[in-house]
Structures are given as C-alpha cells and as structure tokens.
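Same chain, two partners: chain A is paired with chain B first, then with chain C.
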Partner chain A sequence: MPILTADMSAGTLVAWHKQAGDAVKRGESVALVETDKGLIDVEIFVAGVIEKLLVEPGTTVPTGTPLAIVREAGGIAAAAGVAAAPPPAPRVAPPPVRPAVGSGRLKISPLARKLAADLGIDPGSVRGTGPGGVIRREDIEAAAAARSAGAPRTGLDRQGRLRQAIGAAMARSKREIPHYYLSHTIDMHRATAWLADENLQRPVTDRLLYGVLLIKAVALSLREVPELNAVWRGPEALPSEGVHIGVAISLRGGGLVAPALHDADRRSVTDLMRGLRDLVKRARGGGLKSSELSEPTITVTSLGEQGVESVLGVIFPPQVAIVGFGKLVERPWSVEGRIVSRPVITATLSADHRVSDGHRGSVFLDALDRRLQEPAAL
Partner chain B sequence: MPKMTYRDAVRAGLREALSRDPRVFLMGEDVGRYGGAFKVSYGLLDEFGPERIRDTPLSESTFVGAGIGAALGGMRPIVEIMTVNFSLLALDQIVNNAATLRHMSGGQLSVPLVVRMATGGGRQLAAQHSHSLEGWFAHVPGIKIVVPAVPADAKSLLLAAVADPDPVLVFEHAALYGVEGEVEDEAGPGEIGRALVRRPGDAVSLVTYGGSLAKVLQAADELATEGIEAEVIDLRTLRPLDIETVLSSVRKTHRALIVDEGWRTLSFAAEVSALIMESAFYDLDGPVARVCSAEVPTPYARHMEEAALPQAATVVRTVKDMLGHDG
Partner chain C sequence: MTREEVEAEVLRALGEVAPEADLASIRHDVGFREQLDLDSMDVLNFVIGLHSALGVEIPEADYPKLATLDGCVGYLLAATSERLA
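Right after this comes the complex of A and B.
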C-alpha cells in the first residue's frame, strides 16, 4: 500500500484491475485504492506477471503492506509496493523503511521500534523525547494517538475525512517547517497580449489559460534555483531530478488536492494545458493516479479570477516550497516616468528556511518575472 | 511476628539447625569463646559445647578443607569465614574441591557444606575487610550463592543452605547485622533460587540484593515522592539466579537498573544486564543501567567510603537520568 497523500497511514483496496497471471507493464494501473483524497489508481513500478494478489478488495491495510507479488521478467518476484526480492523463491519483502536520519542510525529503543512496527508507525517520522533525543515507547504511542485522532472516524463522510487530512498535513507543515515569505508584483501585459494573440490562432479546444503560462514559467525558473524543487528527508532536502508541479485544485464540495503535472519544465504549454484540463477533470470526477498524488516536488496555488490579490501558501510536506498567484488585476503602473494601466499579478513564494534563504527565493521570483516578460519562449 | 536483628536471626537459624540435626556443627575463627567476630555465635558454645562450636586456627584453607572433609564424611558442617576478603585464602578448597567433587566423582560424592561469611563495606573497615566478592563465587558452577538482605531471609535461607546436599555460600552483609526485621519463629527453610519483588512499581525495575536492598528501597521511596514508582527486586540468591522474576518485571517497566556493591567491571550486575539484554531486548525502552562500587580498594575515610559505595542518592539520580527527568 503506497503512501499516496501526506500523513496517509492506511488505505482501502477497492478493486483489482488485474488478476493473478496477468502481465503488467511498468506504470500500468493495477488497483483502485480509496484514501482520504478519493479513489486513486495505483500504478505498478515493475514489469512482469502478477503471481499472487495478497489483499482482498474491501480490506483496509496500513501503508507499506505488500498488495501483490509480481514475478518480474527474468524470474524475480517482488511484492508490489516494496523492493524486489532475490530469486529463486517468491518472497514478500518487508515494507520500505525510511532512510535513517543523517549518517547515523535512528536513535530508538528496541521496545519503541517493535511497537512502531506493530502499530504501523514510521519511526523516522517520530520525534524522540528521551535522553539525547532517543525515540521511546511514549513517543510512538503519542504518534499512534495523533494518527488515530487524524484517521477516518466513523460518521465522517469523505468530505470530513478530506478536511481532516488537509488539517493534519497543514498542521504538520506549520509545526515543522520554518516558512519564510516573499512577494513580487509582475507586469503581465506582455504575457496577456501574447496569449490573446496566440489563442486567436488556436482551435477553441486548444486555447491556453494564462495559468498554464504561470506554471511553465515557475517550472523553468526552478532550473535557476533548484533547491526549491526538492523533498525533505530527515535532516536535509533531497533535490528532485524532475520538476513535477503540484497544481492546487479546489474541489466542488470543499477542500483541495494538488496532483502533479510531471516534468512541467520539459513540456510545451500546449501539452501542459491538456494535462492541466485532464487533471482538473479527474481531480473532481475521480481517477487520479498514485504517482500524481505522491510525486509533486513543488506546489503552485492560484486563487484565479474570483480570488484576492495575493496568497501566502502553506508548504505541503515533504515539499520545501509553494508558489502562490493572486488574481490578475488592472493597476496603475509606472513605465519610463509615465503612469499607465497594466494587468499585474502578485506572485508569492513560501519556502522552507531549513533549505533555502530569502536571497535565493528572491532570485527565483526575479527569474519568474523575467520569464513572464518573454511569453513566446515559454 | 517477633522482631529481631539480622545478627539474632542468623543465630536463631544456627540454633535451629544445631538443635534439629546432630550432624550439624559450626567452626571458624573465634566462633566459640569470643562469640564470633560479629557476635553472631555469641552464647552457642555454652549451649552446644566445644564439640559442635569449634574455634579454629587462623588458616582459612585448613578449616574450609576440614569442612569439606567432614561433609564428605557425612557431617553437616557450617564454616564461618570472618570476611569475604579472607575467603580468598580458601579459594582453592571452595572452587577446586567443594564445587567439583560431585561432578568429578560421577555423583558418588556429595559436599553438604555451608560457608558463611561477612561481605561488603560501609563500616570504615577499609580495604582489608570491606569488599564484595560474592560475584566472583557466583561465577563458579557447583556452588550455590545466597545473599539474604533481611533478617527473615538470614534465618530461612541459612536453614535452606544447611538442608541443601551441595555446597552453599552464604554472604551476610556486615552492615546488616544490627538491622531489625520481623522473623517468623516457625518459618522453616526458605527457597534457594527465588527472587522477590520487595516493592511493586511500573516506571523502572531496580534489581539488587544483600546490603544494597535497604538503600534501593529508600531510593524508591524518594522517587515515589516525585511520581516515579520503581519496582524493587531482591535477588536473594545469585546462583541459581531467578532471572524470570527480573524479566517479568522488566517486561512491565521496560527499564532496568542493577545496584550491586561489587566493582562495576565484570560485576554480577553485568551478568544480570546481559541476561536482560538476551531475553528482554525488545521490551527495553532504554539501556540497562548499573550502579556499582567505584573501582578502587574500599577507602577508610568515611566520606571517601560513602563516595565509593552505591548510595540511595546515586540510585535516585541514575533513575532520573534514565527517564530523562531534570534535576
């Protein structure tokens, strides 16, 4: 059972798309899982033949639980969701363990480690309060209590559970991440003019929204300040290879999800526009994929046309930054000593001070401004 | 239940053993006319006569050897060695003969010998008389090691030692002789190899024996005033060791501190610690800790001696460190 959303501790297997004996390709959807954020298609990360399904539909299992055994091409069997096991006998490997903190091992008592395994708590996510910061029984018990407080309760509908999941992730973010905030107002007249011109030449179905220009500009600017495109693991951030932008999408009943537009820096705006429409549709109608939920490396949130002028976002752990855009507004703007009316947008950056400093954040917002002045290059 | 001192309880045990079985006799340095270096056998010479209460020359090897011979010959000797320091002169007799004869004779020989001796410090008797070497003897298979910590045990475990068909060494902590406690008249022999929970608790297991028990109980009372309920286990016998009582306590409290007046290195506390690690590793919520004597010959000066031996305050401080409490 993969961890599909922050603080997810268990998921319900709703249905298998594949059966024992079926061949599967890497990236193919094999199962439907229900989480706090809705129904998610779980993709497999190896190619091979499903040897055995281990979890019955309707069963709720902790994250890390093997769901199926897959015999990889070449005869190696692996449990889906876990590392491959060596040949010859098919074997279920233990759930993945978060890498130990820093160079040393996790400081945890034997009892706490055993209890964590029994309760399905990841000890790497628990803060130790014992002598020298050692994780003890009471720390694991507190983590378990916190989890059950945030876990689905009977009587709560999906909406209520989604609210709780968002609350848990945001509370953790505000508790653990020292945010700093920067804000910068960007002249959008070149971007909007280019967009109006460009859309005239496009079929209605392929017309671009300015939001996609913002996403592409963010993606390209991250190349200049790559430390913002990372995930926090223990005492340091691991830079991400790809730029996978989580796009905050508000849901009709309330709440939001932020699935990933993968490799946003390498895709054309046309392709990104299609991807964005597809994500919004599936976010609201169901059918998001596991990789889309678990893999964003930074989030972009935009309050759109109905919103206000600026938004200071809360970082979505384990990401280390979130970029916010207010609504596009006409404002007096000074150009070469003359006051003119210009469409402007306020871009904000909330970033993790453990990973980057305000100077680097301002380099990023400056790059974002520069790229939005050359819309044709996006 | 009548109250009596530890000294009187040992004497009551000796008297009962001597009265019950004509094969029992006591020998050692100054046990007869002087009444014993610690006055344990005071009056017994008058009561039982010089055949059964025998003064010996100052030669531990000789009179322990004589005790082994008497035991092989069908007697039930109780040999008193003045302090454990002097027992080293009889180490060959105890380790090479008493402990091995049943094994080496294929079970044909039995050595029902009791060797009593004073152990431990705290009375300004310096490095000549104050050491705690019972842990050394507990290393040796073939002998049993009892370490009574209260008057009732001093009597009942002595009777059990006399009744045992194999050699038993009884270590009486010298600081305990004047301590009073309740002793049942008709209790009879106790059980060798059984530990006791002297005080229940759930925060930490304090494992100790002999002269350290009272200090550990005092520490537990102090800890209780701060809301820390320590469980105190009196081992009572070092060999055979009742590790199950210790383990079941550790499985409840998840922490253990061993208090042992022996020196820390290769101490009996080290053995208990290893056994806990082997059998209750996944129940431990922190490292097993030890409070032992400082690794010096016991000093004479009072303040130095106090600093060298385990004290209630040391136990309190160590427990707080283990639990991560301040102060």
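Right after this comes the complex of A and C.
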C-alpha cells in the first residue's frame, strides 16, 4: 500500500484492475484504493507479470503492506510487489521495538502526549516505535489516521476523515517548516485581453481559464528559481527535474486535494487546460492516479473564486513552496504618471526558509509578473 | 423548444457540474454561483454541457447572461429560436 498523501497511514483496496497471471507495464493502473482523499488508481512502477495478489478487495491495510507479488520482466520476483510509488515524505517508520504499554509508566514524548490529547487518542492503546518503545508523535498521527481509515464509510465520516488528514498534514507543516511569506500585485490587463481574444477564436470545449495562464507562468518562472521546485528526501531538499504543479482543487462538500499537472513548464496552455479540466473532474468524481498525488513538486492555490484578494498558503510537505493567487479585481493603477483602472491579481509565495530566502522568493515573483506581461509566450 | 424543455436541459447540465445540488429548490432569480458555490471551471463545464445538449454557441462575453435560471432559459430560448429561424 503506497503512501499517497503526506499523512496517509492506511488505505482500503477497493478493486483489482489486474489478476494473477496478467502482464503489467510500468505506469499502468493496477488497483483502485480508497484513501481520505478519495478513490485513487494505483500505478505500478515495474514491468512484469503479476504472480499473486496478496490483499483482498475491501481490506484496509497499513501503508507499506505488499499488495501483490510481481515477477519482473527480467525474471526476478519482487516480493514488495505493486504499489512501489515513491513515498511523498520521508516517513520511514522502523518496526516497533516493543509496546510501551503494560510496563508501568507510559513511555511517551511530551509532544506525542499533547497531540494524543488534542486528537482524542488513548496513548495506552498506541504502540511506540521510538527508542525503547517510546511513543512518538508519528505513532499518534498514525493511530489517528488508522482510526479514521477504519471508520464507517458514511458521507459525514468521510468528510471528518478528510478534514483530519488535511489537519494532520498542515499541522505538521506549521510545526516543522519555517515559512516566510511574500506578496506581489500583478497587472493582468495584457493577460486578460489576450485571453479574451484567444477564447473568441476557440470552440467552447477548448476555451482557456485565466487560471491556466497562472499555472504556466508559475511553471516557467520556476526555471529561474529552481530551488523552489523541490521536495525533501531525508535530510535534503532536492530540486526536481520535472515541474509538476500540484493544483489545489476544492471538493464539493468541503476539503481539498492537490494532484499534479505533470511537466507544466513544457506543455502548451491548451494541453494544460485539458489536463486541468480532466484533473478537476477526477478529483471531484473519483479516479485520481497515485502518481498524481505523490508527485507534485510545488503547489498552486487560487481562492480567487471565493472573493478574497490574497491567500497565504501552508506548504504541503515534502514540498518547499506554495504559490497563492487571489481574486482578479479592478483597481486604480498608475501607468506613466496617469491613474487608470486595471485588472490586478495578488500573487503570494509561502516558502521554506531552510531552502530559500526572501531575495530568491522575490526573484521568483518578479519573474512571474514578467511572464504574465507576455501571455502569448506562455 | 418550449421554455419547459429548455429549463429541463439547463437543470440537467447544472446537475452534471453540481451533482449534490437539490435542483428542485433552485431559485429562478438568484445566481447559480451563489446558490451552488460554482467556480469558473464549473461554469465552463456548464456552458460546454449546454452547448452539447442544445447546439448553441455561447460566446464568453455572454456568460453573465447565464448567471440565473431565468436569465439562462431566456437567453437559450432566444438562441435556439434564432438558430431554427
């Protein structure tokens, strides 16, 4: 069971797309898994033949549990089997040393004790994975997530579990990541005028939203400040070769998910728009792929539709930055000594101070502004 | 097409983008966005749904005319009768 979201600790196998004896290709969807973020197609990262399925549909298993045995194309049976998606966060949990319960005083870190109280978890029921079986913060988070995963699948509970998963990821982000914040107001009149002209010539099915221009401009600007397009792997934040933009999509009834638009810097705005429409549809209706959830290298969030002018995002671990956009608004704007009315947007950057600083962040926002003044080049 | 037929198509297209909505309780004179919390992607998909069902070309500049059920039905009635004329 792959880790598909930052704080996922268990998932329910809903259905197999393949059976024992079937050949599989790298990148192929092999199973449907339910997580707090919805139904997700799990892709396989080796080519070969499925030798044995290890988990029955309907079963909830912890992350890291082998789902199947695959004989790789070279003839080697991979016991770890499918679901070899790279985990999004360094969450290497060593096997439990011994339970911390039943031996007198409970061995638990102060942070874990507080978190347990906050989440309503009985620490006495949690197995510690720290030195000497000490219960650590991660154990409490895992217990909370497992409790959620095992809850009945009603609509209300599902919302509750989603909220809990988001809360756990965001709380961890705010605890561990030293955020800094920058904001910059951008004149959008060239971009909106270009968009209006462009959409006049397009069939309705290929029309663009200005949001896709923002995504493309972010992707291109990251080439100038590549350290913002990075993910933590162990102790290091490694710049990513691809620009995979996690697009924050609000779900009907509450909650959000941020699947990746892959290689956003190299795709045309038309192609990105099609990808975005497809992503929104699947995020809200089910059918996201495991790689889409585990591979974003930076997130873009836009709350503009909700009528606010700026949003200061919380970084989604293991990423190191999130870009926010507010509502497009008409404002007085000074142009060559004259005050004119212009559509403007407030772009913000929340970034990890361990990886970059305000100067580099401002270089990024400056590049973003510059890109949006040349919409035809996006 | 009759007003009732056009309205039924509008509600069907709306149900596609907001499946959780109680379509029977949609107020005719209040904006869809306010009632159903639609974003710009929903609006685009709604317009694409209307285009597919009714064959009407809806320029982007006319989107504001589609903001309410009454506005939408009036606009589409005019557009479909023009197309048939």
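Quick notes on this one:
Here is the rule we go by: the second predicted complex is superposed on the first by the 299 of 378 C-alpha atoms of A that agree within 3 Å, B and C clash if a C-alpha of one lies under 4 Å from a C-alpha of the other, contacts with A are read in each partner's own complex, and residues count from 1 in each chain.
Definition applied: contacts are C-beta pairs under 8 Å (C-beta built on N, C-alpha and C of every residue); 3 or more make two chains touch, one makes a residue touch a chain.
Bear in mind that the values here come from a model prediction, so they are computed numbers and not experimental data.
In the superposition on chain A, contact is made by A:L209 with chain C only, not with chain B. In the superposition on chain A, contact is made by A:K114 with chain B only, not with chain C.
In the superposition on chain A, A:G21 contacts neither chain B nor chain C. In the superposition on chain A, contact of A:P235 is made with neither chain B nor chain C. Comparing chain B with chain C, more residues of chain A are touched by C. In the superposition on chain A, contact of A:V134 is made with chain B only, not with chain C. Under the contact criterion defined above, no residue of chain A touches both chain B in one complex and chain C in the other. On the chain A side of its complex with chain C, the touching residues are 196, 199-200, 204-205, 207, 209, 211, 250, 252-253, 276-277, 280-281, 305.
Listed in rising order, the residues of chain B touching chain A in the complex are 254, 281-286, 321-322, 324. Residues 18-20, 37, 39-41, 44-45, 47-48, 51, 57-61 of chain C are the ones touching chain A in the complex. Within the complex, the chain A residues that touch chain B are 109-114, 129-131, 134, 136-137.
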